[in-house]
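Structures are listed in the sections that come next.
Each of the two complexes below includes chain A, the first together with chain B, the second together with chain C.
== the complex of A and B ==
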């Protein structure tokens, strides 16, 4: 036997044809879409002064105002916790039904995924507007909106996590003679629990921020005050609201990091 | 053979959906209490053969009987009961890494409970004691509350054996149980399987790559090649030359 010749890279591989084609396609896409939508990058820089002006006016936070917003801020957090919990609880079974490694029935999986896509398509502002009309102004509308919004987002994050798990333990539990539900409980959940918790907290953080916007539509929480301060051009109050929201987000982030370390 | 075999294959074929032949016309009878070793190259169909016995793989044609009962029609609860009496051990151990050893071992018992009880973890005291005893049999009782991924490979494989013991199986299928272990832990795992075979009269079927191991532990050795049964001898008639042939002829063909 002769010494085998080292295989040669094909012409495609040698010139990185795929990489270059994909990159240039992306560039073309970027340029054409900015042309078509008429985005004027120059305006961003020429009007930068106004932005700075706003920052200057916000740079004197009205600390007295903090007392006023404690209650609505707490309400916002409660809304976010409730909405996220309800949404995430409903998301678990749907995530299981959407995971290709658990559900081999393509039709069922396609149907659940289509439903989830539909839920995610509905913008949260639209949902808020609808539920304010249904439940009236107040935090109920906010909670329902956040629940549906979280449900759509969390279920997608969850099923993507489920699809990355090690299938070995599932095989073992199947060979033991366990039922489907038992298999999921014993072999799937322990593998994904810590990522579930971290995604749950991530969604909670997003919901705290989202609920500030929802307040605009009368869905309760800190957003009502944000809107009021902005419409009164009272930027020193706006600054306090933004800082307070930032503090809450930081705390949730801290908890998230801690829990992930502990649960790993 | 006077006694009826516990497992019998009759003209069994398995063709995968992509056209690959998994098993070809397998005829095989395995008596209760035998330590059977299956040898053959990767892709010869050893794993497939093993998994047809507990219906983790479906066959295309032919008939497999266990305890004299054809198994192809089992569904739902009947299939789970079939699997309950057949323990399975894997090359990759297949423990739930994040769970404790106790929970992993108890998970071998879930088929004795209705689903809702397994969800609440409502295992009887007797079964919890059984978990400890199973671990004692593989010399790991002190690891009861350790997390599975903190154990070494050999220890994890023995936990997997303890999990299987919770099923009180009549048959244990081991799919290359020592392929990712060093020689010393290999011996510990193979000795454990041998002890279960001798003390509990469990029928053990092991896929192995190693010819010396096969000769050391088997009562009988069968060889597979491209899905076909090409060799079947009791250990007293097995020669080194035979076994080398199983590996060499195919290697030349390949």
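== the complex of A and C ==
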């Protein structure tokens, strides 16, 4: 019985040159970055008692405190709704300008996309720190932060939706001589509206999560109380805040998931 | 010529007026939203501050880029990248068992195992990263080590979820082939499961690294190392030229990492 021959492999494949190079590169990077960050596994375990102590104190939530945080929690949701709405409203024109099937001017499209890429690089808390400096402590800074943060995210999601629309209905309406407004109203909008709303809700979910920590830097909402409880070492209050935030996030996620399933 | 028009489909009253209900609901929601927020009004200094921020962005403090002290922009950006890299790698390793825990099995009853895994991952995902960082600062002191730990633990929530979904959707063909050729469970795992799933795991890890770079750059604001610490000091002392150069550094770093990671991910899948 003859055994089928193994396929021929070059020496690069036979000695796994690529795999070895990539693995050693990763190892070198790992060692360098653990040196740079001063990682010390021993220290973590020797101080584990303190960490455990913290967890134990957090595991006795101060339920009385729940009454205090209802109001800021609602404020957090309001900040998220308003911020997402403003961001999404500004995102629509930019999404249209970046969509390759609507705008054929490559220069204009490239410029808008570059601008959107730049906006997206900025982390939310960094924006919050700057806007607290500009607008002062309070929810205004939070709303502006969330608006800019969601603008960057939503505009990208929106133009990707616009680029995937079916051009058939547009051509059909054009061929019977419909006006531009009619085309947009009857051929473009019905195709994108549901996805727009779905992405809007998705962004809202992310913003509710984000807005719970923005207050840490003074941008309003529940984060202000989070910061207060942590700086007062009042971990039983911290625990209530985290649990309440979790509940709110889960409820908002549930509603938004349900609505999105109905829409799509 | 045919002149009869096709009749419009008849709709019930509910269908015809349903949009009005939505208008009322959404209107009430926004009314509640706007009335609930206190817009303290723009501070008088807002105009001055934003003008000086702009001036700072246009004239960044170039001397901060590199001065060899180890506290300059380049060293701290590298430190930020190190935090993100190490945190992501550690988290990717820890996420693998979590992913197999949370992945829905074919013969599983009531999805007790996978369901509990999914709940745990959601809990980890929702726990704010900043609070984690503060907790780890208590354990190991302020510095980038605390940042690494925070990124490592927080990323498990998302990576575990993405990994488990990859496992649920993977191609079972190679596994069956090894089983039918008489392979042992260990061989099935090493020769079929891992090779099938690894490219996707790597791709998700790279994607998570992009996010970790962003969070590592803000964790410093609470004292967990990286570029965030000088950033928050510069903002608090109103040192806008320094804020300008740090912002520039973060933007360039994130753009570079994003495009690098995108290139790598394209090659993987």
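Note that in this section the second predicted complex is superposed on the first by the 197 of 264 C-alpha atoms of A that agree within 3 Å, B and C clash if a C-alpha of one lies under 4 Å from a C-alpha of the other, contacts with A are read in each partner's own complex, and residues count from 1 in each chain.
To be clear about the criterion, a contact is a pair of C-beta atoms (placed from the backbone, for glycine too) under 8 Å apart; a residue touches a chain by one contact, two chains touch by 3 or more.
In this text the structure is predicted, and so the values were computed from the model without any measurement.
Visitor: Who wins on chain A residues touched, chain B or chain C?
Guide: Counting residues of chain A touched by each partner, the higher count goes to C.
Visitor: Touch test for A:238: chain B only (first), chain C only (second), both, or neither?
Guide: After superposition on chain A, A:238 lies in contact with chain C alone.
Visitor: Considering only the touch criterion stated at the top, classify A:212 as touching first (chain B), second (chain C), both, or neither.
Guide: After superposing on A, A:212 lies in contact with chain C but is clear of chain B.
Visitor: In the overlaid three-chain picture, which partner chain does A:169 touch, first (chain B) or second (chain C), both, or neither?
Guide: After superposing on A, A:169 lies in contact with chain B but is clear of chain C.
Visitor: Using the superposition on chain A described above, determine whether A:178 touches chain B (first), chain C (second), both, or neither.
Guide: In the superposition, A:178 touches chain B alone.
Visitor: Please work out whether A:98 is in contact with chain B alone, chain C alone, both, or neither, and reply first, second, both or neither.
Guide: A:98 sits against neither chain B nor chain C.
Visitor: Classify the contacts of A:54 with the two partner chains as first (chain B alone), second (chain C alone), both, or neither.
Guide: Second partner only.
Visitor: What part of chain A is in contact with chain B in the complex they form?
Guide: 166, 168-169, 171-179, 181-182, 185-187, 190-191, 193-194
Visitor: Under the definition above, what is the set of chain C residues touching chain A in their complex?
Guide: Touching chain A from chain C are residues 29-30, 32-34, 36-40, 42-43, 45-46, 49-50, 53, 78-79, 81-83, 85-86, 89, 122-123, 126-131, 134-136, 138-140, 143-145, 147-149, 214-215, 217-218, 221-222, 225, 228, 231-232, 235, 238, 243, 247, 250-251, 254-255, 258.
Visitor: Considering only the defined contacts, which chain A positions touch chain C in the complex?
Guide: 26, 29-30, 32-34, 36-40, 43-44, 47-48, 50-51, 54-55, 74-75, 78-79, 81-82, 85, 117-118, 121-126, 129-130, 133-136, 138-140, 143, 209, 212-213, 216-217, 226, 230, 238, 242, 245-246, 249-250
Visitor: Write out the stretch or stretches of chain B touching chain A in their complex.
Guide: Touching chain A: residues 54, 56, 79-84, 86-88, 90, 92-99, 103, 107-108, 110-111, 115, 118-119, 160, 163, 167, 173 of chain B.
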